[in-house]
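One chain, chain A, links the two complexes that follow: it is found with chain B in the first and with chain C in the second.
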Partner chain A sequence: MSLIEIRGLRYRYAGADDDALHDLDLTVSEGEFVAVVGANGSGKSTLARLLGGLARPAGAARAAVCGHDLCDHEGHFAVRRDVGVLFQNPDNQLVGSTVEEDLAFGLENLALPSPEIARRVDEMLALYGLEALRTREPHLLSGGQRQRTALAGVLAVPRRVLVLDEPTAMLDPAGRDEVLAAVRREADHGLTVVFVTQEMDEVLMADRVVALASGRAVFDGAPAALFAERALLLSLSLGLPPAAEVGLALMERGVLAELTLTLDDLVAALQAGRP
Partner chain B sequence: MSGDAANGHAAGGGGPAGEGLEGQHALGVRCEGLSFWYDEGATRIAALRGVDLTLAPGASVALLGPTGSGKSTLLQLLRGLLAPDEGRVLIDGLAAGEDGYEERERRIGLVFQMPEMQLFAATCRDDVAFGPRQLGWSAAEVDDAVTSALAAVGLPADRFGARHPYSLSGGEQRRLALAGVLAMRPGLLLLDEPFVSLDPASRRDLEAILRGLRATGMGLVLATHDVDRAYGLCDARVVLDEGVVVDAGPWRFGAGGEDALLSHRLKLPFVVELWRRLGRAAAEAPPELAAAAEALA
Partner chain C sequence: MRMAIAQYYPRASPIHRLDPRCKVVAVAALVVGLFLRSSFAALAVYGLVAVAGLLLSGVPLGWVARGLRPVVWLLVLTFVVQLLFAPGPAFYTLGPLHLSLRGLAIAGYLSLRLVVLVVASLLLTLTTPPIALTDALAWLSRPLRRLRVPTEELALMVTIALRFIPTLMQEIDTIMKAQRARGASFTRGGPLRRARALVPVLVPLFILSFRRADELALAMEARCYLPGAPRTRLHPLHAHRRDAVVLVLVAALVVLAELI
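Presenting the complex of A and B:
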């Protein structure tokens, strides 16, 4: 079943000369993990905002997300209940004065009974390894802890789709690993994920990658297929994960037969090639 | 704990990126016992505690550390935007208040995180000219500085000078903001997470520009979580954690050098990790991916 079914989506910012999204198509099935890549200004963040109901499209032939019509006034509000969005900077979306208050915020807005809110908050604190931090002020936590708190807050309300907009850009390497592990776990439990990123190695987490250029989807396929298209990558201002960059250079020198995408693949290929 | 971060990088032939910017007097900076606290209502939070650090003229140094470790605070203290609660910054051996200190402090350029948020003028040329004009330079001097700076970041004045900053791509805007700092002819350039949120092509462009600046002999301090680029661009690293310098000096791997990164929420550069996994001496891992492929082929 498709949770996201979009045809010919258009969006233009007030006062802009061009569409930020122009005739964009995107289909995402339930349980899929889809990465979205593209140059700065290609429309990735705009797409994330529209999917989350944070702005309304200028128009579309079809714009159905979790059964809501994004173009419809009620629909673009209603979709916010089903789609959670996590942005780059957790400080812009943490609202509670403590971690547990932050996790409770979305649930309180749904007017759930207090015992149920408390139960759900406890569950999320445990799942996200935040129990020891529950009474701490979010702004005094590390970047990774803040972003995990923000993610737990987004998902405390049961969601059908998680949209991530460069969620690791501000984090140190350990914080980045923590957040990616949490996203991975949610995806493994069946949550549908749309992950906007500039990090090519994060693309490898996805089942599928969609590349945008000038507000259109110009590639839709497996990560390995995108990284095999050298000319396309360059024309889209993209690049290769480091293991693929070294792997490609070694392929060109005849050392490797196939492109390696991860460090593990590269090490294995080099060791297999040894006499 | 103190550290001597790096000897100067040998000034090579300036690539196109550094053209017109050569010959700037590179500044040597020394921090002595720097401490700084932020006031959080009733409590004071230590951002830096007793930082001793030497940056030799022309050195390129990576400033690494977890989020909240004090990197941005240190950059602002070096630039004089914050005053230390304890300790002092010496520039070319001069302390604040001494003759020539202010002139030198002005020549420490700081590129903030997401600096394109601060672009404000109606044309690229005017935006870059803002800083030099504040310095009271003559119109001809300003003009010359702006033209060189725009060229240095790959936005030549004849093509980009009259354009509106908002008509540029995200990567171009970041480079324009860098030009605004370069136009003031810095002898030391501080960069706070310069690669964040750029697409891969824009990161490659910016990396090439920084490499070119380094080759002119300009000192660089690169505060970043991007350990791979830090390893490629910098001769040395300073690791901060909870406001304390926990390691400083040239990159060293093997013989426990990895711990300085791994035990502080950082990771090893990709090439170093690859070398370790292949059973090669990590200390010999080349700083760039292309050189790594060369060595493996």
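Presenting the complex of A and C:
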């Protein structure tokens, strides 16, 4: 079943001369993990906002997300209940004065009874390894802890789709690993994920990747297929995942017969070729 | 970076455990009572209540003294002005200076009243986290909602403002470092020059804060926040019997102080 079914989506910012998104098509099935890539200004973040019901499209032939119509006034509010959005800067997403207060924020907005909020907050604290930080103030957390708290806050409200808008761009490598591990776990538990990113090794986490250029989808397929199209990658100012860059260099020097994308594949290929 | 906002001093004392609404009402009653009746006897009663509260709260006296520091000048000024300009027969005259016993009494009374006033308010802010204080004020101002005052939204605004103070302090620090790296100095020159040196700090701070506010608003909407919609709380305020006991006790003491 498709949770996201979008045909001919258009969006234009107030006062802009041109559409930020033109005739965009996107279908995402339940449980699928889709990466969205593109250069700055290609419309990735705009798409993330529209999917989360945080802005209304200028128009679309069809714009159904979790059964709600994004173009509809009621629909774009209702979709916020089912789609969680995690943004880039954790500092600008934490509302609560402590970790537990922040996890409670979304549940408080749904006006759930206090004991139910407390139960759900405890669950999320345990799941995200934040129990020891329960009463810690946001400014005393590390970057990774902040973004993990923000993610737990988004998912404290049970969601059907998680939209991530470059959630690791401001984190150090350790913080990035923390957040990616949490995203991976949620995806493994069947959550549908749309992951907007500039990091090519994060694309490898996805089942499918959609590339945007100037507000249009110019590629929709498996990550390996995208990385095989060198000309397209160059035109989108995108690179290869770090292990694949090494793989490519080895291939050009005749060490490898074909391109490997992940570190594991690269090591396996090198070991297989070892005399 | 750890900062004392509103000087909250965390402890597990009986005063800390009281419902913040009870504390706000009790302190308000003491302050109003203090101004209703001018007598040393009444002042003594209110003073004893404030001191008893302080001792029960277990907040170190040094911490309380820190809270009194900003009003020291006001205290000295009040005392000196009243002493010098109060009418009455002089017990000491030196040139134009004219000190009277009545002046001494009024100066002593007004200064002591100021001390009791500040100690009573400190008792509230020292033993109540800012967020609990905000919640209490929001609850107590509920009747204003009939007049369409958005009390819940105002309380959330204050909570968020408090949450962002340390973040903004960190940001100021970063901007000042960046400006110093470009040759700015914040310590050189007179007060005017130093104030002017802050302009290149405040402009980026404002721009960053507006951007921050936009992103925060978006993140709040993404988490189903709708202004005006009913909300519940993770930690709702709970009044206990002890709060009622304290309120009755404070009411009795105020009546006593007003009668003697």
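Just so we're on the same page, the second predicted complex is superposed on the first by the 275 of 275 C-alpha atoms of A that agree within 3 Å, B and C clash if a C-alpha of one lies under 4 Å from a C-alpha of the other, contacts with A are read in each partner's own complex, and residues count from 1 in each chain.
The rule we apply is simple: a contact is a pair of C-beta atoms (placed from the backbone, for glycine too) under 8 Å apart; a residue touches a chain by one contact, two chains touch by 3 or more.
Please read all numbers here as calculations on a predicted model, not as lab measurements.
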> Who does A:L250 touch here: chain B (first), chain C (second), both, or neither?
Replying inline: first
> If you stack the two complexes on chain A, which partner ends up touching A:F87: first (chain B), second (chain C), both, or neither?
Replying inline: second
> Touching A:L171, do we find chain B (first), chain C (second), both, or neither?
Replying inline: first
> So, does A:V267 touch the first partner chain B, the second partner chain C, both, or neither?
Replying inline: first
> Given the touch rule stated above, what does A:E108 touch, chain B (first), chain C (second), both, or neither?
Replying inline: second
> Does the superposition put A:G153 against chain B (first), chain C (second), both, or neither?
Replying inline: second
>> Once chain A of both complexes is superposed, is A:P242 in touch with chain B (first), chain C (second), both, or neither?
In response: first
>> Let me check the overlay on chain A: which residues of chain A are in contact with chain B and also with chain C?
In response: 140
>> With touch defined as at the start, can you tell me which chain A residues reach chain B in the complex?
In response: 38-41, 88, 140, 142-144, 166, 169-176, 198, 200, 234, 237-239, 242-243, 245-246, 249-250, 253, 255, 263, 266-267, 270-271
>> Which stretch or stretches of chain B touch chain A in the complex?
In response: 40, 45, 65-68, 169-171, 196-204, 225, 227-228, 265-267, 270-271, 273-274, 277-278, 289-290, 292-294, 296-297
> Where on chain C does chain A make contact in their complex?
Replying inline: 1-2, 130-131, 159-160, 162-163, 166-167, 170, 212, 215-216, 218-226, 229-236
> What does chain A use to touch chain C in their complex?
Replying inline: 49, 52, 54, 77, 80-81, 84-85, 87, 89, 91-97, 100-101, 104-114, 117-118, 121, 137-140, 150, 153-154, 157
